[in-house]
Structure formats: C-alpha cells, structure tokens
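Next come two complexes, and both contain chain A; in the first it sits with chain B, in the second with chain C.
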Partner chain A sequence: MPFTLISLLHLLTITAESHGFSGYMYPNEYELQWGLLIVVYPYLTGLVAGAFILASLERVFKVSALRPIYRLSLLSALAFMIIAPLPLLAHLGHPERCLEMFLTPHTKSAMAMFGFVYAWYLSVVLLLEIWFDYRENIVRWSNEKRGIKKWFYKALSLGATSVSPESIKFDHKMGKIITIIGIPSAFLLHGYVGFIFGSIKANPWWSSVLIPIVFLFSAIVSGIALMLLIYMITTMFRWKQISMACLNKLGELLFYAIMIDFSLELLDFIHRLYESEESISILSEMISNRLFVSLIVAQIIMGTLVPMVSLGIARFGRLPDELRRIVYFIAALLVQVGIFSTRWNVVIGGQLFSKSLRGLTVYKMELFGLEGLFMTILFLIAPILILFVLTKILPPWPSDEKAVIRDTEKVVTAK
Partner chain B sequence: MKLSRIPQQVIPLTIIFALAIVALVAARQMLVPESFGKYGHYRADAVEEVASHDISYAGIQVCNDCHDDIVEVKQESYHRGLSCEVCHGPANNHAEAPDEYTPGAPRGRGYCPLCHGYNPSRPVGFPQILPKMHNPGKACMTCHNPHAPTLPHAPEECSACHREIASTKMVSHHTTVDCRTCHTVPKDHWSDPRAVHAEKPTDRSTCGQCHATGADSPKIIPRIDIETHGGRYLCWDCHYPHHPEATL
Partner chain C sequence: MKQDKPCIPRREFLQTSAKKIPGLVVAAAALSTGKTLLAEENSEYNPEDHNYAMGVDIHKCIGCGRCADACKKENKVPLEPEFFRTWVERYVIPVEGEARVDSPNGGIDGFPEIKEKDEILRSFFVPKLCNHCDNAPCVQVCPVGATFKSRDGVVLVDESYCVGCRYCIQACPYGARYLHPTKHVADKCTFCYHRITKGMLPACVEVCPTHTRVFGEEGHRSSPLMRFLRFKDVNVLKAGLNTKPKVYYAGANGEVR
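Our next item is the complex of A and B:
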C-alpha cells in the first residue's frame, strides 16, 4: 500500500535525524496538530472526485472506450465517498457533533460548509445517478430474485417499477442531467478541499490560489489510476477478459492528466521560486531535508516522472499487450504512491516549519490510537470492502460482458 | 399537469427529499436553542451561564491591595510581570475571607521548571536548568526567593543562561573545552549580561591554539595548517564551534 511505503520511508528519515527539530520553533509548533488522518482525507476525496469525473467522460463526453468501467467508477466513487469524512470525524473526536453543521450552518466558515458540500455530492449527485442508472436492473432483479433479496430490491426501487421505454428514456435523461450537474460538483468537492489549505494565508506553504486547481488535477490523476487498478484487479479475480481498448484509453487519459498536473505543480514551484518571499529559504531547507524522500523521491520521481515516461512508452510505443498491462498496473500503483505523497507533503509539510521561519520540526507518527497508522490502514481498506459489498448488491458488470467488450473494441478500432 | 403524466420515478424521490427537508427543519426547531444567534453564531444563554460560574481568581490588583510589601520586592525583580495567582493558584476565596483560606504555594521542585526547565524554543538568556542536574534534591526556594528569584551572586556556570549551547557542546568533542578558552568574558557580563557582552573570536588563531600543526595540545586533537586550510574562510564558516563534528 502506498501509505505504508511512505510511512516507512519517513520513519527511516526520522530515525536518521540526530534530533527532533532544528533552529527555532515556537512552543506550540513542536507537535503537529494535523496528522496522518488529515493526509488521508484529501487523498480519499480526491479518489472520489477523480473516479466520478472519469465516469462522466463516458456519460457526457461519449468516450465509448470507457464503457466497461462506467458503473464500476460510480460505485468506487460512492464507496470512497462513504469513508471520506470519517478520518475528519476520528481526528476531531465527538463524531455526534458533526450534525451541528446542518442544524446551525455557519456560512462564513469554509470548514463548516463541508457538511453541505458532502451532502450535496453524496445525495444529489452520486446516489441519484447510481439509482437512475441501475433502476431498470433493480426492477428486473426484484422480479427475478426470491426471498429477502426480492424485498430488498423492491425497497431499493422505491416503488418506481415501470420499465416502459419512456421510463427508461427518462432514467437515461436524468442520468445525463445529473452527470452534467455532477462535474462541477466534483470540481467543487475537491476544489473545496484545496481551498481549505490555499486560503490559510498565515502559512506560506499552503497559501496559494493554485492549490485548489492543483488538488483538482491530482484528484483526476489519482481517480483514473485507481480505476485502472480496480478494473485490472476485479477482472483478474473474476477470470474475465479485460478490454484493452478501455485500458489503453485509461492509460492515455492518465498520461495526459499527469502531464497537466505536473505542469501545474511545476508552475506553482517556479512561481514560488521567482517570488522568493521571505519564507523561501526555510521552505527550500524543508524540501531538501525533511521532505526529500516524500517530495523529491516519492512524489516527483517515483510518483510522477517514472509513471509519466512509462505510460508514454506503453501507450504510444509498440509493446505487446501483456507487457503493456504490466506497465499500466505498475504505473497506476506508483501514481497512488505519488498522490498520497502529494497529500502528505501538503498536510505534513505545511506544519514542519516554524512560523518564525527559523526552524524545522519532525512529524512523529503514532502506530496505535485514533490518529495512528493502524487507524489509517483501516480507513484505506474500508472503501475496498464497501466496494466489494456494493458490487455484490449492484453488480456493475453487464451480463453479456464479452459482447460489450467486443463492441467497445469495434467502436474504438472504427474510430 | 396531470399526476399520471409525471414520471413514476419522480414521485418517490420527491417524497424522500421532501421528508429530508422536513426532518431538517423539524430538527432545527427542536434542537437549536432559542437564544442561538442573538449575539453571534453561538448560544446567547451560554454567556450568562459562564458569567454565573463562581469566581475563582481574584486578580493581581486585589492581591496588591494587601500585600504591598511583596509587591515592592517583586516589582524590582524579573518576576514583576507574573501575576501572583500563576504560582499561588486561584485565590478569590482568600481575598474574600483571608483568615479562613490560605492560598497554596509550590514549595517543591516540580513547579518552577514549568517555565525554567530547559526547552530550546525559549529565548537565549532566559534562565533554564536541567532539573535532574541542577542541585538535585533541593527545593528551589532554598536558594531562590520566588518573589525576587535572582541570586545575590552571579551564576557560576555559563550554562545557567546558555543552556542550548551547553547541551549541544555536551555531546560534541568540545565538551571539555571551557567557554572561556574561546570567549573573552568581561566580569560584568555575569551580573549584567544584556549590557556587557562576551566577546567572540575574530580570527583563526583561537582555533589554532589547539588545532594548528605546531600547537601545544594533546596529540589526539586533529591538526591542520592554520594558514592555508579552508582558503579565505574563517573556521566557523564551515565548522560549528559548539559541535564541530556536525555538518552545516
């Protein structure tokens, strides 16, 4: 798992340090207030937004090669969305108080508005779109299945049992409208997470108008890479044929998305260097010292440059399909490591230097406890388990899977 | 519009969303306290509730009214900025009934290090000690009067004020080198450190005392040609004198 790798590397870096901090730190800066759980939160919401944007490409922009993973992307987005706010609740404690956000909305606090952003995205976008997309199947399953399953699907259909051509047409139409609303909503969801960091003007590592945009594109990158991994793994375990056209399209999109994301991050970096504000020297020291492994090695080299080059070769070079699949898989895995490091570098990096700009501290990760490594592993495994259950309830694979793959290959070849 | 012309899917969804909105409105009616929002984004009654709590702290003015002899001493000391209740604890009871209640006073060794225990983020010159090494077993009050904590005589060791440097030097090869080997310390620096500064070395000869090729020092000490080593740089441009093994 990407986070374990990064964490291990960090543990090694920390052990290698002869002391915890250097230079001058204010007393309240020794310990980091935002730990591993806050790293996981933007990572998970990024996966949600990315997976949804990928699904919308098939629906709105008619990228037919992505047909085999359309439903899988929606379910993945839902599975990760359910877990996304939990790291925040675990970090804050008193999870029951989160409902206060709805009862007494504070319109001037970006953090307090999260409840509404989340509720909108979950209920109006994801659940509605999945419901409209699956309704026809749900009605069919409610007729075919027996016992509890029958009643379960009947309840899930909400009594809308009509499968007349008009009804199905209406489902498709609504699905499309919701996707169109969903795209800006997905941008809002993850742009919002970036906005939270970007608007903290007292912190020179975070305070940048580019942060929401960089977050958004890294979300798209991580979402595409996630779907590539999930598609390959699920197909392998089901002993089914994989659609090379779909994989190639995913690889291509991932390649373009990484390029844009990397360019934006480079732009941010050059902009900071050129501006050379008073914080630049401590930030440079932090990058070359505390964040060297997670930023230079994990994020830039392993998580961006290596996957970018290998994806470029695999997609546009003449490689046999078997080798291509392996390259895609490894590249997507590395991208996950890279994006997790990006979140790590933003969240942890922003707290490693003193506001006096004269010292650096060290993040000491807990293993147990609410904010520890094991809790984080739990939050990262939970969406996979939820996705497993969701695919059992709402199988995203067409009954005539081979025919769909054949059609997809044909359409793509014809183009 | 006829009800039959509305698509079937719309009806249950409308009901669910309507129920959710009604539930939210009802929950707001029932759960949001009446006084919420009167002054700002909080429960206005909370202000009165907090105001109705028993007062614990009397405040420095009340202490000063009776204990003017101590105020006089404290006013001349480095503790002049501290409020009495920082060390003595909440003393409103004592202010209201001086004979009935006596405020506590920390007399052991645990309390003073809260401010004076070594912590590298504290400013240079702020008196800091390592409690385990600083006169172990003795209560702070044995030597220091808390109302005028400066000792009648100057500190005996540089580490009393320069604790961070002393701690760094302690783990380096320079641990046995006395500060005065390299620094010239005027006598008045001990009693008035901010007005009279200790002097730092200005040329290579200071390091050369031990590290020059012909220096009269133990053979184990690394030697260099003091004239040519490092070109035009001074020794401390590359070596941190308090921890020369560390890389800059």
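Our next item is the complex of A and C:
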C-alpha cells in the first residue's frame, strides 16, 4: 500500500532526525497539535472530489472513453466520503460534542462552515446522483430478487417504482442537473479544505491564496490516479477485459492534471522564494532539514516528476498495451504516494517550525492509540472495504460489459 | 349592630400601613421585574465598564520567572514544560549575527549562564502571554464559539463547550494556547479572570518584584495602564497581522516576536 510505504519512509526520516528541536520554539509548540489523522483527512476528501470530477467528465462533457468507470467513480467517491470525516472526529478532544458544530455553529469559522459544505455534498450531490443513476436498476432488482434482498431494494427505491420511458428520461435529466451542480460543489469541497489551512495568517507555510487551488488540482490528480488503480484492480479480480481506451484516457487526463498541479506548486514555491518574506529562512531550513525526504524525494521526484515523465511516454509513445498498463499502474501508485506526501508536507510541515520563526521541532508519530499509525491505516483501508460492499449492493458493472467496452473502443477510435 | 371596639384601632392600622406598604410595593416591583433587580443587588461588577489590557516593560524584567510560576499555581496549569499560560523568554543579541532566544521551563527555574563564544551586544527578558487581541484570530476560527471575547475585553475559553479541535491553537500567532492534557480542551491566559472581576490583580502582576507587568484598563484615565501607555514608547507583537493585541510592550525591538 502506498500510504504504509510513505509512512515507513517518514518514520525513517524521523529516526534519522531524532536530534529533536533546534533553535527556539514557543513552549506550547513543542508538541504538534495536528498529527497523522489530519493528514489523512484532506487526502481522503481529495480522493472524493477527484473521483467525482472524473465521473462528471463522462456525464456532462461526454468523455465517452470514461463510460466503463462512471458508476465505479461515483461509488468510490461515496465510499471515501463516508470515511473522510472520521479521522477528524477521532482527533477531537471531545468527540461527543461534535454535533455542536452543526447545532450551534460559529458562522465566522471556516471549520464550522465546512460541516455544511460536507453535508451538502454528501446528501444533495453524491447520494442523489447515485440514486437517480441507479433507480431503474434498483426497481428491476427489487422485482428480480427474492426474500430480504427484494425488500432491501424496494426500500432503496423509496417507492419510486415507475420504469416508464418518461420517468427514466427524468432520471437522466435529474442526474445531469445534479452533476452540473456537483462540479462546483466538488470544487468547493476540496477548495474549502485548502481554505481551512490557507486562511491561517499566523502560519506562513499555510497562509497563501494559492493553497485552495493547489489542493483542488492535487485532488483531481489523486482522484484520477485512484480510479485508474481501482479500475485496473477490480477488472483483474473479476477476470474481465479492461478497456484500453478508458485506461489511455485516464492516463492522459492524469498526465495533464499532474502538469497543472505541478505548475501551480512551482508557482507557489517561486513566489515565496522571490518575495522572500520574514519566514523564508526558517522555511528553507525546514525543507532542507525536516521535509527533504517527504517533499523533495517523495512528493516532487517520486510523486510528480517520475509519474509525469512515465505517463507522458506511456500515453504518447509507442508502447505495447501490456507495458503501457504496467506503467500506468506504477505511475498511479506513485501519484498516490506523492499526494499523500503533499498532504503530509502541508499539515505536518506547517507545524514543524516555530511561529517565532526561530526554530524547528520534530513530529513523533504514535503507533497505537486513536491518533496512531495503525488507526490511520485502518482509516485508509476502510473506504476500500466500504467500496467492496457498495459494489455488492449496487454493482457498477454493466451486464453487457463486453459490448460496452467494444462500443467505447469503437467510439474512441472513430474520433 | 353595635361594635364595642374595632379589631384594629384606626391609628394603629394607619401606622402599620405606613410602615409596610412601601416595603410591599418594592417587593411587588422586585417580583415583577424579576432578575434585573435581584442582579443589581449583587452586581457591583459591570463588565461593560471595563476593558482590560496589560503593559510589559522589558527594561524592568529580571527574568526571575516568578510570574510564570505564580500563573501555574494560581490557574492549576499542568506542570510539564509544554504547557504555559505565561512564560519568560531570554534574548541574547550578539554583536554580529542572529538573536538567540531560550525559555527553559518557561523561565520558572531561572536561566542557565550564557556561554556564548561570540561577543554579546545586549541581552534582555520578554514575558509572554495571551495578547487578548481585539481582532483575535482564535475567536474567529473556533467552530463552535467556545472561544469568545468577553464584554470586558478578555478572550476566554468555555471549557464545557470546546470540542478540542485545536484550530484556535493553530490560528494563534503567539503560541499562547495549548491543549489541556487532561481536560482535552484549549487553554490559555484569562488575565486571571476570577481575580480581576473581584478587583484583584492577575497573579503574574501581583508577584512581579520589579513592576514589569502593569495591569489596567484601556480608556480609564486613572488606570495605571494609561500612565504606562502615556509615558512609554510601546509596541505590540506581530502588528502586521492586524490582530490588535492588548498586551503592550515597552522596549520591544524588532527581534521580539
């Protein structure tokens, strides 16, 4: 798993740098406030936003090569969305008071308003879109299945059992409208996560108007890479034929998204360097001493440059399909490592230097406990298990899969 | 029907009435207006009348750390060296090069001897605490409003309401907040709110042997703070962030942050 790999990498760095503090930290800053769980949270939300945006490409912009993964993307977004707030909850000092954020929110707080953005996205966008998309199938399953399953699907149909051409047309229309609302919502969702960090003026590493946009594009990158991985793995385990047209499209989109994302991050970097504000010396020291492995090696070299170059070669070079698939798979895996490192570098990096701008501290990762490494791994595996259950309840694969793939290939070659 | 004598003689009735009726009227008024009147009886303290602030004269601080110690005792701040409501920093400015800062155990146990190789230009101590900003970023970010600005100008945390998300700790540019290790809520300096509302001084101000810390009220001409602000050249920390701090430092140069 990419995340365990990267966590191990980080553990190694920490041991290598266990000399502790250097310079001066305010006493209250010795311990980091936000640990691994808060790294996982933007990572998961990013995957949600990315997977949804990918699905909407097929729906709204008629990218027909993506048809085989449309439903799979929606279900993946839902699976990751269900788990995304849990790391936040586990991290709270008083999780039992969490509902106060909804019941008595402080309207000026970016974090409080995020609860509503999340609720909007989950209920209005994701659930509704999936429901409208699957309604026809749900009704059919409720007629075909027997026993408890029959009643389960009957309940899922919410009593809307008409499958007349008009009602199916209505489903499609609604699905499209929700997707159109969904795209800005997905942008909002992850842009907002960026804003939670970017609006903290006390922290020069976070405080940047570019952060929400960088978060957004890295979300798209991670979402595309995730769908590439999920599509390849699920097809392999089901012994089905994979659509090369779909994979090529995903590889191409991933390549473009990484380029934009990397350019934005480069812009942010150059901007900081050129402005050379008060914080520049401590931030440079942090990058070279504390974040070298996770930023330079994991995020930039392994997570961005290597996949970008290899994707470019695989997509636009003349490679046999088997090799191409392997390159796509490895590139997508590396991208996940890279994006997880990006989240790490933002969240942990933002707390490694003192706000007195005079010293650096270290992050000591716990292994056990609510905020430890094992809990984190659990949070990263849980969405995959949920996705597995979801694909059992709402199978995203078309019944005539071969025909769909053949059509897709045809349409793409005709273009 | 003949009545030998009235139950209550007229004179006596009038006298009693004259004594009791005003009392009854007041009691009835008290009942009708309820809380207001009762509160007025107990409330010599009106928060609207106050706007607390503090002055710190860096030239006077000898770095004894009594303030940080008194604060921990008065407010039951955890004794570990990662939790402080107030602490003292020592700045050592060499003739050439960057300032060096330290604050071992917040200055409570004093400071180790300076063993710098470089020649020292000057050295001084800076007591730090929550700045009770007028435009407090911690208040802005709190998702449930557990951190708030009181009517008497003190930034406080409602520990029965705080969810422990630590966003406020991230938002504070001064490192003045910490997560209480057993209560699991954000904690910080309250200007010793339980003392000042009774007309007493904050513990740190009370124990300071050199009058480094001056506690008072903004806008009250008779307050010692106003005298401090009038006669000293004062700065606030990180003024560029527009947090509008209410702890004023006399003698803090650019290197203090």
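To be clear about the criterion, the second predicted complex is superposed on the first by the 411 of 415 C-alpha atoms of A that agree within 3 Å, B and C clash if a C-alpha of one lies under 4 Å from a C-alpha of the other, contacts with A are read in each partner's own complex, and residues count from 1 in each chain.
Operating definition for what follows: a contact is a pair of C-beta atoms (placed from the backbone, for glycine too) under 8 Å apart; a residue touches a chain by one contact, two chains touch by 3 or more.
Everything quoted here is computed from the prediction, not taken from an experiment.
Aligning the two structures on chain A places chain B and chain C in a clash.
With both structures placed on the common chain, the touch criterion links A:Ser162 to chain B but leaves chain C unconnected. Legend: residue contacts after superposition of the two complexes on their common chain; A:Ile200 is shown touching chain C, with no touch to chain B. By the document's definition of touching, of the two partners only chain C reaches A:Trp34; chain B does not. In the superposed pair of complexes, A:Tyr26 makes contact with chain B and with chain C alike. Within the superposed three-chain arrangement, the count of touched residues of chain A is higher for C, of the candidates chain B and chain C.
Of the two partner chains, chain B is the only one that A:Phe170 touches; chain C does not reach it.
Within the superposed three-chain model, A:Arg358 lies in touch with chain C and out of touch with chain B [touch as defined at top].
When the shared chain is aligned, no partner comes close enough to touch A:Ile296: not chain B, not chain C.
When the shared chain is aligned, chain B and chain C each come close enough to touch A:Thr104. Only one of the chain B stretches 5-13, 23-31 or 77-85 carries C-alpha atoms that clash with chain C in the superposed arrangement, namely 77-85. Taken together, the two complexes place residues 24-27, 30, 104, 106, 108 of chain A in contact with chain B and also with chain C.
Residues 21, 24-27, 30, 102-104, 106, 108, 123, 128, 132, 135, 158-162, 166-167, 170-171, 174 of chain A are the ones touching chain B in the complex. The residues of chain B lying in touch with chain A in their complex are 7-9, 11-13, 16, 20, 24, 27-28, 31-32, 36-37, 41, 119-121. The touching residues of chain C, when paired with chain A in their complex, are 81-84, 87, 89, 99-103, 105-106, 128, 137, 140-145, 161-167, 169-179, 183-185, 241, 257. The touching residues of chain A, counted against chain C in their complex, run 24-31, 33-34, 88, 91-95, 97-98, 100-101, 104-106, 108-112, 115, 196, 200-203, 350-351, 354-358.
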